[in-house]
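Chain nomenclature is as follows: A, B, C and D, assigned in order of appearance, with residue numbering initiated at 1 for each chain independently.
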């Protein structure tokens, strides 16, 4: 049977604060028995995988290049796409729900794809999208801590479509 | 030699106002000898193709399904991806510059991919992304009319990257 | 309305003999008013585009890299996928029918995808697949000349599926 | 650190004989501590996953549709591509080496992509490609049993590129 798989998205170059958040998110997901899927590279992605691996969680990296050696060292299952940022949408489709930590335009593309596909995104210091258009965005939920983010995310799996 | 190719993005279900804007953008692009690339479906995409074809412009539709018959009737060159919304990023990569007309989450994913790849996006009533984060976004430029949007877009081709 | 689009596939490094065949195929397709879609690179792809352009045909190149400048100089419409050989299947889906000229493993992947999708492939000195398994392969048809290959291909458009 | 990941490819509708072979291949891979990656659907793919799960092996399914529920029940990690047969090439890139069991045109596309990318394919009753062209194909190796196929595959990981 398929595992619960939570997407963790964010920049490959992130501040120390965001990296700490990501690592705690990874730890908490592993503690709850959920797998992490991410883009497989550095920054937030690596921190989340590192946290998950510390507690024995499964880590999946959907990597942009053609070489599995490009994955960060905490990825156990590198999915090699060779599609560059074209892999972002696949990460979104593979995740049951997503946690966005900070993030630049690449992360924004993933949030947009997720909302487009009806998925829930839990944010930790990420894009305030509701300010960018008139109507509210109920599927983008800001959390106050890594623990709360994981809590909301896991609860969302059972309720969303 | 490769043609100049301008991406026109926006919702498949758009208001009459946005449809009129899109058709004028298509016309103006054809008038300037530039090809239109879009997602190949209805709404803004169809209106832009319709406008372009009226003046003899070339229209390319990068369609999500496996069946070229799904393209709107104004698409001359349907590129059949079978990738669903995974085709969005390809549209962005194929366009020299993009014009975003209105738009929901799918369009947002394309704007985000474009900015991530260093491309310029000209907006007509689209997402106000600069309000969604602290720092400005110089590559997302709001225009006041279809004519101005095309003007900015064509000028951008020579200057970007 | 969508143009008739014929895929021309074959090696990026081809013998002079195959290049001559490809150029003649491109010419003949243009003469018949059909567009050429290919992988956009060199060898057979470039020769087919060159032939088509000589007679004013439309040439589409679905290129593997992220840079439209990588397309051969006879491509008018470069579709930029950034998917590497992952673009092969999209070329196959976009083509109404395919003409395979010589070819190595990349071409074989395209022939296989085409047959898998129920498309007809006309061969000029390409893989003899029927020898590689017990049962015949009616959709892979060897032609004796570029002219005959185009004839079979165009006839196939109306009859297939 | 990344696991060793072996691709198992073959038809979604396979004879009982091939299914038995696939299940034994899955078992043997799990016994050797290697993960299975496959297309995630039925037939050979399901049999290989079933065999692997019986001995506690990790099973990854790179599925063509947008819905993880489409994966066979023995897939633990469904990678949701929404790319149809466009996912074949990704399976090939993700696998360190491949074992082909029987197979129709879809499997042939995967064998071709693998050989194109310099990967080794071990065959059990699959395409006799060397008969389809003049020159030999050293990277396509026929095995006599599931055990031998796994042995050759695991040895190949250390030696290829």
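Operating definition for what follows: contacts are C-beta pairs under 8 Å (C-beta built on N, C-alpha and C of every residue); 3 or more make two chains touch, one makes a residue touch a chain.
Bear in mind that the values here come from a model prediction, so they are computed numbers and not experimental data.
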### Summary
Counting C-beta pairs in contact for B-D and for B-C, the higher total belongs to B-C
### Task
Tell me, please, which chain's centre (mean of its C-alpha atoms) is farthest from the centre of chain A?
C
### Message
I'd like to verify one number: the distance from the centre of chain B to the centre of chain C, where each centre is the average of its C-alpha atoms, in whole angstrom.
### Response
28
### Query
chain B to chain D: how many Å between their CA centres?
40
### Task
Give the residues of chain D that touch two or more other chains, as numbers and ranges in rising order.
66, 81-83, 85-86, 89-90
### Message
Quick check on the complex: what are the chain D residues that touch chain A?
### Response
1-3, 5, 35, 58, 60, 62, 66, 68, 71, 73, 75-83, 89-90, 93-94
### Contact footprint of chain A on chain B as seen in their complex
85-86, 88-90, 104-106, 108-109, 111-113, 115-117, 127-129, 131-133
### chain A partner contacts - residues on chain C that touch it in the complex
66, 81-86
